[in-house]
Structures are given as C-alpha cells and as structure tokens.
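In the two complexes that follow, chain A is the common piece, with chain B as its partner first and chain C second.
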Partner chain A sequence: MSLVLRNVLSFCARRTALSGRLIAQRQAIPVRCYKKWVLPAYRSLYKRRLEQGPEPERHRSEWLNWNYNAEVYAFGQRVGEDLSEATLRTALTDRSYVEAENEKRKGLETEEEDEELSLDISHNEELSALGEKLCNNFVKGYLRSTYPNLPEEGVGAICDFLTGDEMLAYIGSHLGLKDIVLASEFPVPDSTLSKAFTAVIGAIDTDQGTERAQLFVHDFVLTQLIGKTLDSMWTISNPMGLLAGIVAKQGMAEPESRLLWETGSETVVAAYMVGIYCNKQLIGKAAGETVSIAEHMAAQNALQQFFNFGNDAAIHFDRHSLTVNAERNASIEDFVSQDKTQTLA
Partner chain B sequence: MSHATIPSGFVKSALQNGAGRYVCQLQRLTLVFCKSSGGSRGLRDFVEKHLLEFTQKNPGVVVYLQPRRHRPPKLVAEYLNGRREEIPVATHNDETICQWVNHLRTHSGNETVRLRKTWHTDTPSIQGPWTPFTNKDTRLNVTQLPSEELSRFQPTEPSATEKLLRLAEQLRAKDAVKGGGETGTPV
Partner chain C sequence: MAQHRVQQWATFARMWWLYDARWQCPFQSAPVIIRHLQGLHKPIYHPLSDVGDHVVVINTEHIAMEGDLWRNWRHFHHTGYPGGFSATRVWKVHEADPTKVLHKQIYSTVKGNLLRRPIMARLHLYPDDNVPEDILKNITGQIRQLREVPKRLDEYTQDERDAFPRLFEWPADYVPNPGKKTVKS
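Presenting the complex of A and B:
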C-alpha cells in the first residue's frame, strides 16, 4: 500500500470516528496508530500528583459510614467493660474540645438573649487524674511484688516506660481510641490520647470498682513488658560503681574484672570476654568489642543477677492472683550504704 | 514470582493480644451492595439471614450497610491497627460470605504475608548471643601453648587394632557366659 493511500484511509477513518453515529453504519476502517498523547498525559498527571504531596490525614468521621454513638458503644464492648454511656463519653472528651466548642458558640447570635449557648458537657480531666493515679500505683505495686530485689529506681523507670504518654497512646490507639476521642486538634496528639486512656481507667474505677480497673491495667498495660529487657527501660550510668557498692554492702571483697577470653584484637571483629569475680566467684560475664564495653556489659549482667531481673525473669501473667506491694522497695542508696532492714523499719 | 519479591514476615500479634484478654481486632465492617442487581444477591441474603446474629455475637464490631446502586458488592473491614481490607463478593452466596466475614473477624489486621516460620519467640536464644567463646572450657585459658596434650593426634574413628581388641573382648565375655566357670582354652 502506498503512503498516499494509507494517509487517505487513515483520514477517512478519523472522519468516521468523529462524525459519530450518523455514519456509523458505514463500514469504518479501524485506526491503528500510536497515541502519542497517552504517555505525556499520564506523565503530567503523575507529576501533578507528586507536586500536590500526600493526601492530608482526615478524621474517620468525614466518611459517610460513621456513627459516633455506635462507635462509642462498640469501644466499651470491645475492651470487655460494662461502662455507662455518660461516663464513657466524659472519658472520651478532652478539655480542648469543650473549650474550642464554647469558643465557636460565643460567635453565634441567638434570638433570645437569655439562652445559654455554651456546651454543657464535662471533660475528662478528673477521670484522667483518677485513672493515672490508679495506673501508676498498681503498676508500681505489681512490679514491687514481682521483683522484690529490684531497687525502687528501677521500678520507677519501668513504670515511667509503661505509663509514659507514648506507650499509653500506643495502647489506646490500638484499642480504637484514636477515632472516637473528641479533641480540638487533629491528628490527635499522644498526650491527648494518653489522657483519654487514663480517663477510661478512671471511668472503669468509678463504674465498676478498683479491682476491675486494676485488671484492665494488668491486661493492657503490664503485658507490654513482654519481650522487653531491663536495660532497654532503665539505664544505669555507672554499673561497675553500683556493683562495687552493692558488693561492699554485702561484706564481700571488691569486684575484680578479669579478661576471660580475647580474639581478633586489632581486627574489625575483635571480641573480648570479661568476667567479674568477687571472692573468687564469677558473678557476671559478658562479651564486647572492646575491653571497656565488655566490662560495662559484665557489670550490667552481674547487677541483673543481683536484682533477679534476667532474661528468664519473665512475668507469668496470671489474672487470678494480682498481688500488689504498696511498700517501696529498697532504693539504690539502701543497697549501697546502709543496712536495708534498718531503712525499711 | 520468586520468593525474594513476595513480601514475607514472621508471626506477630497486635498489642500482645491474648496475653491479658482477647480483643477482636476487627473494628468496623462495611457491607457495600446494590439493592437490585443480581451480583449482590448473596450479600443481601447475608444481611437478611445472618447479619443480626453476627452483630449480637460481636458487639465490639460496628457494622455499616452501604447500598450503592449498580456497584459490585464488597466487604470492607477496618482493623484496630489502621489497616483496611476489601473482599469483593460479587456472585458469592450467603454461606461463602459468612465464611469471608468470619475470616475478617478472626484476622489480626496485619498484612497477609508469606510466613518464614510458623512459630515466633521473643527470646530465640536462651544462651544469649553467640560469641567465639560460647561453650569453651576456661581451662584452655591457662594452658601453656604449644601443649603436648592438645597437640596429640585425636582420631575420629577407632583404629584397626582397637577394633580387633574390642572384638576379642566381646568373644571372651560370650565364652565366660557359655562356659559357666569351666576352664576353656584362652582366646
């Protein structure tokens, strides 16, 4: 087929496509050509999409399938607590939300001037304070009874880790709090989420009693300890000094660190194993890439054995025996300087 | 596709679920269906026959019905970890949809990936991280090298002489049992 004829045919075909139904009955010759606009058009769309940046995060309530009442009810059922709707709603309302709503309503004009437009709902400050206190006391008490040899500083550090804003917000958002908390800010900040979570604990305490609230803390907060090690939650700045103090308190000789093994020194895979001896007994050992690191680790290892908080000291989460020790454990100072029994008495 | 390109992972739980109490990870379930078209027949049957029972048994799951005209039906599940899953259920009957709903209800919400192992442990090693010195005898520390004892050839198999001696000993023992104290010729 000559070039001229092909051009004519393709022209006819385009005309056929353009003139639509009127000449559709005529047999049209299909156009087989490379659509040059397709790739540039897609490229342009792609570029525009990148220029726009990611979609802003939107609250779940902006979608059509959203029913706040149902969501709140489902939250109570999900965590397995029988809470009254009023308490639960209070627990989920942040102070910032109430303030923002009142601020909005001040600008509105009413026909009757006596009518109060301010929102008459309570926020979760009180419940949150109640829940936070309960949560802290229970976590500390539980840790004290589980690890009686752990100094009070360690108990405090683990408690801070478990009841910090980040951890409570994480737990709360994984229970579905993120969508149902009423707050002025969005995305909801961690502090607000954590406050709502402690308020839920407070709500359980008011509605169902302290025991049930403690069980809630046990089931959702304490279980986050699974798989955690002591040094990931509590940093001891000078473990060797602390170890020396503890050993001296127990009337043992000063701890000596000895190099047990070394290999590959002056290479990139150097390894040293340091053991700490006390009265000719090995009380801790660890390997490290330098001697000082290995000694530091060995001291930490010895301390973990003193505190009975090794890898094998896992909690067996038994819901039927929640023992709480309100009495403080001995602090580090007691471990080091004075007699433990005297200070506790 | 090769295994190198398929996403893979390990068994994991959401929020240590079950260590304290079990929480159903399915947060909301949206049923999208058409009120008239045939493809949605199964989902409409599901709504009529099984939905009430499902909601009564699972009060922690919010169920939304979303009629959309002439659209293919689907189940949209939203999980507590923020992920959502869609199951297209066009032309499925209500029993199949029941099974899909049950699948969504019991799912953790984590991405479905190829599991590299069917088990998981937080403490994979009881002895701790391996070092070149793991299980080594500390006596070796104070041994003066080269040492005669360590330099001796240590055969992995018994030699021919040792095998013969062992055979002879076995025979002797057998004879002693048979003879019952009689004086026999020594082997």
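Presenting the complex of A and C:
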C-alpha cells in the first residue's frame, strides 16, 4: 500500500471516530437554557421577507448551468420534428432581441473604423407570418369539415379562441418556449411567445412540408378543444332568440321552456333544471341558480346540440389524413327565418 | 365554461324530501331516512364529503311500535355524576316530546363521526302536518312509506260497508262467541 493511500485511510478513520464522538457528546448534553433570541430573530426574518416582497422572476440563464445550445436541441427533439438548427434558431429569435442587441453594439468602440459590429442574425417575423397563416387556415378548414352544421360566425369565434395570443402563449410555454425564446424583455409577453410558437409552425412548414405542420397544429392546438363547451368560446348574446329563429326556419313550433325539477327554492342554494321543448321533443336542458339562468343555459345547450357540437366529435386521433374544408359554412343569417332576424340583436 | 358551472351546481344541489311517519316503525324508518341524509343514493357519495339531502319528516307523533315496545323499550341517560343514570320508557318520552323517539333513533343510527352534526341539522322533524311555509316550499321529493297505511273500518262510509260482498247473512238472533278471555297478570 502506498504511503499516500495509507495516510488518506488513517485520516478517514480519525474523522469517523471524531464525528462519532461529537454525535455522542451532542446526545449526552441536553439543551441547557431557553434561547430567548430565537423567536425574535425568526420574527424579524419573517418581517423582512414580507417587506422585501416576492422574489422577482429570473431567467433560467442566470443560473450557472445554462446551456442554450443544448436547450434548443432538446426543444427540437421534444417537438419531434426534424428541423434544421438554423431554422429553429431563427424561429426562436424575436425581432426585439435583434434590435436591442444592435442598439447595445452601437455604443461599443472598435479598433478598425470600417468594421461592422451589428449582429447578423435573422428574426422570426417571416416564419411567424407564414405559420400564423397556415395555423388560421388549417384550424378554420378543419373546424368546417368537423362541424358542418356550425355557422361561420361560430367557426370564426372558435378559431379566434384557439389561435389567440393567450392560447398560443399557453401552449408554447408548456412546450418550454418561455426559457429559450430570445426576446428583449423578461418575463416574455404573451404576444412574443405566441409569435415564437407560430414561427415554430412556420419552421416545420419550410423544413418538413405543409402536412407535418398541419399535423403539429392538430396535435397541439386543436387538442385544446377537448372538454370545452361552445358557450365558453362563442358568446351568443340572445340564445333563446337565435333558437326561436332557427326553429321557425325549420318549420317547427315555437320553442317552449319548462321547469323539469327544482329544489330548495327558499334557500340560497336553490337549483332549477329547465328543459326546452319543441314539437313535444326535448331539444336541450340545463340547470341554473335561478330560473332565468337555467333557461339561458338550456337555450345554449339546445343550440350546441343543434349545431352538432359535441365534445366527443372534436378530435379524431386515429385520423390519418386531415380533411380541410376551404368553403365557408352557412352564415347565421341563413339559419334564421327572415321575420326573426331582429331577435338576434 | 358556464355550462360546466351549472352542471356542477346541479350535481351538488341538495334535494328536499318529505317523509310521512304516520304508522311507520321508527327502527325501520331510520336507515331509509339516513340514506337520504348522508347522500348514499348519489353517485358522488363519499363517506368524508357532506353531500346529503334534507329530509322533512311529518306526523312523528303517529309513529307505530311493534308488540310491547312502547312499554318495554327504554331510553337511557346518564348525567355524569354518581348515581346519575336514568331509564325512561319510550311511551313517556314520546308523551313529553313527540319528535324525540325518531330523532334519537336516527341520531344513534348515524355513524358517530364529525359529519353526524351536519347530517342531523338537515333533518327536520314535525309532530303533525303543520310545516312552516318556507320549509314546505323547498320540498320537491317524497320518500315512499315503508308500510302502506290501511284504511280503518270507521273511515268507510255506510254505503261502502253495505256494498262489501259477503257469502251469507248472519241470523238475526246469532250471538258470536267472543272466545276464551286471556287476562295477563
């Protein structure tokens, strides 16, 4: 055994013995007094923490083990698309970042007068415009082919909901865009995130083709429809009026709302269930805290059933080819009979 | 998500049930009432969640007891002090408070956990059919009686009694045999 190894071993043995003795001592000597400073000290720390306020959100790159290249590569793998690194980097670079970097570099002095210091990287404006157009067209076309009975206004409202900044930023941040988007401000605003997300769609379109991009939109954007009701995306101000107009157009009798059941009407938690009948057929029903709320909801429910908007019909995961309908669905005016159009207001 | 909100509201709405205790056995009625009070009839039931309904019981002074139970069944009480035990015959308890027998029976049948008090708060007992208007307005369901209340002979009119089919007429001078009289000691 070498001398060095022997020394190390003996040192370790001594350390173990010493720490064992320390533990034994700590167990042997009980607490001798009540430390009066502990509670005031903790109180003071707590108060200082409250005065300081919450920690400001910091970018992940402020920690030491940040590796942007690895993160970008991981994002590409996570998305599951075969994207070139240059396209991906362009898609993740916001215009504000390029402008801010150039502004910073203007102030720097160079040894040679001619040398250009401005940053030579491209931003994602073009890819974003491409992706946004593709996303909008595909979502609308897909909704039209899935819900042929839904009026064009409803298709537009659902498309706005799905492709709005808020929703795209939500999807993008859950894919991990928040950390790897290059933008001048932090926390990254929703508009920047949504732009980066549409740019990723555009990047897939340029590198992999339109069909892959459409599948990406189908998998990540359209799946947000699951569990949503029509009224959460499309606000109809007067659903009962619209229903009456639609029913009149079909040559059916006027819709009639009836109370199916109620309970605890003298309490603060009263519940009413209203059903809407047409030609003695139940066409929609919903509950509510008051009769008027229940009737409103029942009319919306009837409309949802009439437009054939069911949650189960939203997404077909086993669908191999995506059918897209470029032709517009019928407008809401076409659904309603002429003498009832004023009720829509 | 307003549709989901009202769906949730309807799911957790508490129903108000009416139960007529006339000529019903309190021992057999208690489990049926408790089923509704605890919400055991609902698909969302869980023993730790308070999802039960309200039950309004009327005519509790007309409950029926089997055999000699009015005399033999006793309610026990202990004040906590030495010699503080007392036992009262149930007919005496019923005379003092006509809702007490059913209340005690239901209370003792519910499991003794933290939910027992809220469950009992949803039980509304009335000795007769005089129920306050605001309670009556809430009621929208009825629990079926365990025993059908039979119609007494004096509730039939004379015409109905005369129209009742009979195989033969008793002779005018016939005196029916009352049988052997049994005297309980």
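As a working rule, the second predicted complex is superposed on the first by the 263 of 345 C-alpha atoms of A that agree within 3 Å, B and C clash if a C-alpha of one lies under 4 Å from a C-alpha of the other, contacts with A are read in each partner's own complex, and residues count from 1 in each chain.
Methods note: contacts are C-beta pairs under 8 Å (C-beta built on N, C-alpha and C of every residue); 3 or more make two chains touch, one makes a residue touch a chain.
Being a predicted model, the structure only gives us computed values, none of them experimental.
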If you stack the two complexes on chain A, which partner ends up touching A:M273: first (chain B), second (chain C), both, or neither? both
State whether A:H174 touches chain B only (first), chain C only (second), both chains, or neither. first
Which partner does A:F220 reach: the first (chain B), the second (chain C), both, or neither? first
Of the two partner chains, chain B (first) and chain C (second), which one does A:M297 touch, if any: first, second, both, or neither? second
Per-residue touch tally on chain A - higher for chain B or for chain C: B
Go through the superposed model and pick first if A:E333 touches only chain B, second if only chain C, both, or neither. neither
Quick check on the superposed pair: does A:E185 touch chain B, chain C, both, or neither? Answer first, second, both or neither. neither
Let me test your reading of the model: by the given contact rule, A:T263 touches which partner, first (chain B), second (chain C), both or neither? both
According to the stated criteria, A:A287 is in contact with first (chain B), second (chain C), both, or neither; which is it? both
Quick one: classify A:S232 as touching chain B (first), chain C (second), both or neither. second
Residues on chain A in contact with chain B in one complex and with chain C in the other? 261, 263-264, 271, 273, 287
Given the complex, residues on chain A that touch chain C span 228-229, 231-232, 261-267, 269, 271, 273, 286-289, 293-294, 297, 300-301, 304
As the complex stands, chain C meets chain A at residues 1-4, 6-7, 9-10, 13-16, 54, 134-135, 137-138, 140-141
Quick check: in the complex, which residue numbers of chain B touch chain A? 14-16, 19-21, 23-24, 27-28, 30, 59-62, 64, 66, 80-82, 122-123, 126, 128-129, 131-133, 136, 138, 141
Can you tell me which positions in chain A touch chain B when the two form their complex? 64-65, 67, 70-71, 73-75, 77-80, 171, 174-176, 178, 218-220, 222-224, 226-227, 260-261, 263-264, 271, 273, 287, 311-312, 317, 319
